[in-house]
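The data blocks that follow each hold one structure.
One chain, chain A, appears in both complexes that follow, with chain B as partner in the first and chain C in the second.
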Partner chain A sequence: MSEQQHASAKHHVIGFALSLVLTFVALFLVINTPLSAGLKLTAIIILAIFQMLVQLVYFMHVTEGSKVYQIISISYGLFVAVCIVAGSIWLMLLNGMEG
Partner chain B sequence: MDLFNFKMPEQFIIMNNPLIIGAWISIILASVGIVFFVTKYKKWGYLWREWFTTVDHKKIGVMYILAALLMLFRGGFDAILMRTQLALPDMKVLDAQHYNEIFTTHGTIMILFMAMPFIIGLMNVGVPLQIGARDVAFPVLNAVSFWLFFVGAMVFNLSFVIGGSPDAGWTNYVPLSGSELTPGVGINYYLWGLQIAGIGTLATGINFFVTILKMRAPGMTLLRMPMFTWSTLVTSVIIIFAFPVLTITLALLTFDRLFGAHFFTIDAGGMPMMWANLFWIWGHPEVYIVILPAFGIFSDVISTFARKRLFGYHAMVISMVAISGLSFVVWVHHFFTMGNGPWINSIFSITTMLIAVPTGVKVFNWLFTMYKGRIETPAPMLWSLAFIPNFLIGGVTGVMLASAPADYQYHNSYFLVSHFHYVLIGGTVFGCMAGLYYWWPKIFDFKLNERISKWAFWIFIVGFNVCFLPMYLVGLQGMPRRIYTYKAEMGWTMWNFVQTIGAYLMGIGFILIVWAIIYSIRHEKRDRSGDPWHGRTLEWAIPSPPPHYNFSRMPSRITSADPYWDAKKRGESMFDENEPLKPIHMPNNDGMPIVMSGFMFIAGFGFVFEWLLIAFIGLLGVIGTMVWRSFKDYDADHYVQVEEIERDQAELQASLEGRS
Partner chain C sequence: MASSSVPKGTPNFPEYQTEEGRLKIFGFWVFLAAEVVLFSTLFATYLVLADRTAGGPTGKDLFEVKDFMIETMLLLTSSFTCGLATLEMRKGNKKGVFIWMITTLLLGAGFLGMEISEFVAYVNEGATLQTSAFLSGFFVLVGTHGLHVTVGIIWISLVLIQVAQRGLTPTTCRKLFIGGLYWHFLDVVWIFIFTAVYLTGLI
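Moving on, here comes the complex of A and B:
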């Protein structure tokens, strides 16, 4: 069983480094570049999507294991994420009380 | 950011009140006493080896439950103080500020530091034994969870003697909790106590999710799992998806308060209502996290003491899964009156009312389980029987509150306070009590004294209803929550006085429960045979207390959801006694969790007082211990040899024969 652990350590280190790089790129873009707010926002969202993929592949082993579990957990995750994001936007910005 | 700015809050050591001076004296006396006796009887080594570094899920469960009982005392004492202040008009037990602090700490402690650890403690004790596992999937992470919870609770509880308690309610709404309206350390205590404990809870969710999916004994299919294990699985899923929201929300407010960000401020583009929104996206699933395992406990207890198979097993599972989905789409009902449009309130009213459907299904299943059963009423069953009508009162008033237009009337009144105490006490606390009494003779080799426990139960249950039923009435008469006093002309005096009597009765009930524990430790009959309740599920097939590896042989005859009951009916054992014993692979004890959590305490304390140098030293320590642990992974496990297992079995045999 120790061999398995050794094999995945490298995997984890790559994932950790990638996630740090993505985080610091986002920070750098916001603090040290003269881009417009809209462009910055777009860049952050794109980086966030890559961040999510890194997390899923390197730490949550989305490419391994039983397909059924993966499909169930990813769909439940999407359901919760859509509820939270769409729900918050609806509530905070489009709540029908503007007029 | 100034690393070397060690600013002092207005008051560092709080000494302005006889109650708090009393608390100081008792804290110092208790600490000195504990250190003295542990040193005198040379127990430090024992504590370190057997408890502080343990990765055994049963011992971690016991520590969780012990901590939960301590916090129940603290939160209950807060409640007694509040009820004393409100017993009569114009009382002067607490001033307004002190009252604000006490209702804040009461709510936060009861949910996060009492209900959560109690539930997680029972999961730790019950789940691995129920599914035939020798430990959880990640034993060291389990210890990390416990110690992070413990440190979070300590950080939070420190607030009332050092620096001042949070005073913005357990919901901690901005802008009140922002740095402009509430400067000082109180709110920081709230943020960091919850943050640290929350990370521990998230790890628990992941741990039990993997344990249940990956470590079940042969034959234990998903649809043969005991209902408590099912409820833990569903709860773990909710934890995994809900707790990251809490982590982020607390971090955002920390940035606002410590580093001048504007996520929730009124000016500079902040959105104060976003706090309420995010808080309840976590907060509503959170209340299901504490109620679903209680449902699981009631299911197991009721079928055990009705001597019948659980009615509607599949309906129970489906309704819990439905509740887990619904838990993420109802959060707005906590702030119907915050100015949402009619569409939003209508939709969230409907989703909220929908919850009554799966919950109603479960209530009927419990009733039908008891129908024509041979019902016995020892303490765990008493708490379960009391749960059904009391929870029903809480549930029905919940449906009333779910109607958004009506909520404009009930909102912020004692009607609401009574509703959530009926579901949280009538559901979660009764469930924890049922679970404590049910599994006590599994954790240890004796039951809790029946006579004292029945007195405790009846006094608590009467006190509970005397305290909270009148709250519906004063609520409908317009008494708002969170007021520290009222005038005689309001006409609320009589019911408030009655409520206070009820609160004191609940206090007496709690003292009797503690007395039952102390009495039973000294006097109750010992029995290691392991099946005191004539149980149905796997945990009753092994001796009490179980050996640290739980199962000397793996159970081999799991053919139904009540495997042990069916095996007993067939006159068989759960285990193949002819199978030769094999060495058992077990995790090593580990000092990393407690050391890492110690650094987390330093970091939390530093952030609370905004002493950033200390905070960063703490965080570096946390990262350092994790890195260190990742390199010493090679001696993380050992084998229990066959000789040791045989020795344990011989010892058990001797104790059983000595009894007969």
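Moving on, here comes the complex of A and C:
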């Protein structure tokens, strides 16, 4: 039991370190690299998704409890979110409806 | 499915020991899924309107790298200390829960203070809710997150009062765990605000 808790504390430190690294890499990419705007956007979106996964797995313990149902619920929420955000941008900006 | 039996594979932690606890934790995940959808509508609105500055200031004019990085660090660190509070709760260490949870709330309050002074500074620069579609979207999205942080601070404070009165029972542990889930979730939302609003504003 105490070994399990010890591993868990280590788990949290790893999660925290990962989240700091991901944040600073994203900032560095935007401020200090000559990449094109499109590449920067793609890169920071991917980094944000990894950040979210770090929070879900390391801090929110999504894989405990009724894990299948929890993962299905939150994944469905994320699916709807992607449809709303990407769909709105696609409709309103990329189709050039509003000039 | 007798309500007293603990199913195989249930984690050996206090918050999962009753069927009520397990169901409420799952129910909270469903609530968080709904919150994801709520925030997605605000993100969609902001992102569609982000270029509509109506001659007013743009994100590049307003956003200060140092300020939003400090806000991000405060919230990321508070998510970590909140995780440590959950660990202490599972060890049955009430004092540890208080130390880490109060640290979490103080970091959250620091974040909130910075955000409020950021908003006040923008308004003083003439960047208000009415200035442009960009700023309406910005204040509503970031403000809704800030409101959630405020609710989180009040809610977790109330749970801590219960813990002080009743100790770490399966019920108070479940409340602490769910409060923690909410807090980590707010950090997830902030990561997307950091990315889609602040960093994207600098590109």
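As a convention for this text, the second predicted complex is superposed on the first by the 65 of 99 C-alpha atoms of A that agree within 3 Å, B and C clash if a C-alpha of one lies under 4 Å from a C-alpha of the other, contacts with A are read in each partner's own complex, and residues count from 1 in each chain.
The rule is short, and it goes like this: a contact is a pair of C-beta atoms (placed from the backbone, for glycine too) under 8 Å apart; a residue touches a chain by one contact, two chains touch by 3 or more.
If you're wondering where the values come from, they're calculated on a predicted model, not measured in any experiment.
Enquirer: I'd like to know which partner A:92 touches here: chain B for first, chain C for second, both or neither.
Expert: Both partners, chain B and chain C.
Enquirer: After superposing on the shared chain, does chain C or chain B touch more chain A residues?
Expert: Of the two chains, more chain A residues are contacted by C.
Enquirer: On the A-aligned overlay, A:31 touches which partner chain: chain B = first, chain C = second, or both, or neither?
Expert: The answer is second: A:31 touches chain C but not chain B.
Enquirer: Of the two partner chains, chain B (first) and chain C (second), which one does A:69 touch, if any: first, second, both, or neither?
Expert: So A:69 meets both chain B and chain C here.
Enquirer: Given the touch rule stated above, what does A:77 touch, chain B (first), chain C (second), both, or neither?
Expert: In the superposition, A:77 contacts both chain B and chain C.
Enquirer: Once chain A of both complexes is superposed, is A:47 in touch with chain B (first), chain C (second), both, or neither?
Expert: In the superposition, A:47 touches chain C alone.
Enquirer: Quick check on my understanding: which residues of chain A belong to both its chain B contact set and its chain C contact set?
Expert: Residues common to the chain A contacts of chain C and of chain B are 5, 9, 69, 76-77, 80, 84, 87-88, 92, listed in rising order.
Enquirer: Any idea which chain B residues touch chain A in the complex?
Expert: Of all residues in chain B, those touching chain A are 213, 237, 241, 245, 271, 273-274, 277-278, 281, 325, 328-329, 331-332, 339-344, 630, 633-634.
Enquirer: What residues on chain A touch chain C, complex-wise?
Expert: Listed in rising order, the residues are 1, 5, 8-9, 12, 15-16, 19-20, 23, 26-27, 30-31, 37, 40-41, 44-45, 47-48, 51-52, 55-56, 58-62, 64-66, 69-70, 73-74, 76-78, 80-82, 84-85, 87-89, 92-93.
Enquirer: Sort out for me which residues of chain C touch chain A in the complex.
Expert: Its residues touching chain A are 10-13, 16, 22, 25-26, 29-30, 32-37, 39-41, 43-45, 47-48, 65, 69, 72-73, 76-77, 79-80, 82-84, 86-87, 90-91, 180-181, 184-185, 187-188, 191-192, 194-196, 199-200, 202-203.
Enquirer: In the complex formed with chain B, which residues of chain A make contact?
Expert: My answer: residues 2, 5, 9, 69, 76-77, 79-80, 83-84, 87-88, 90-92, 95-97.
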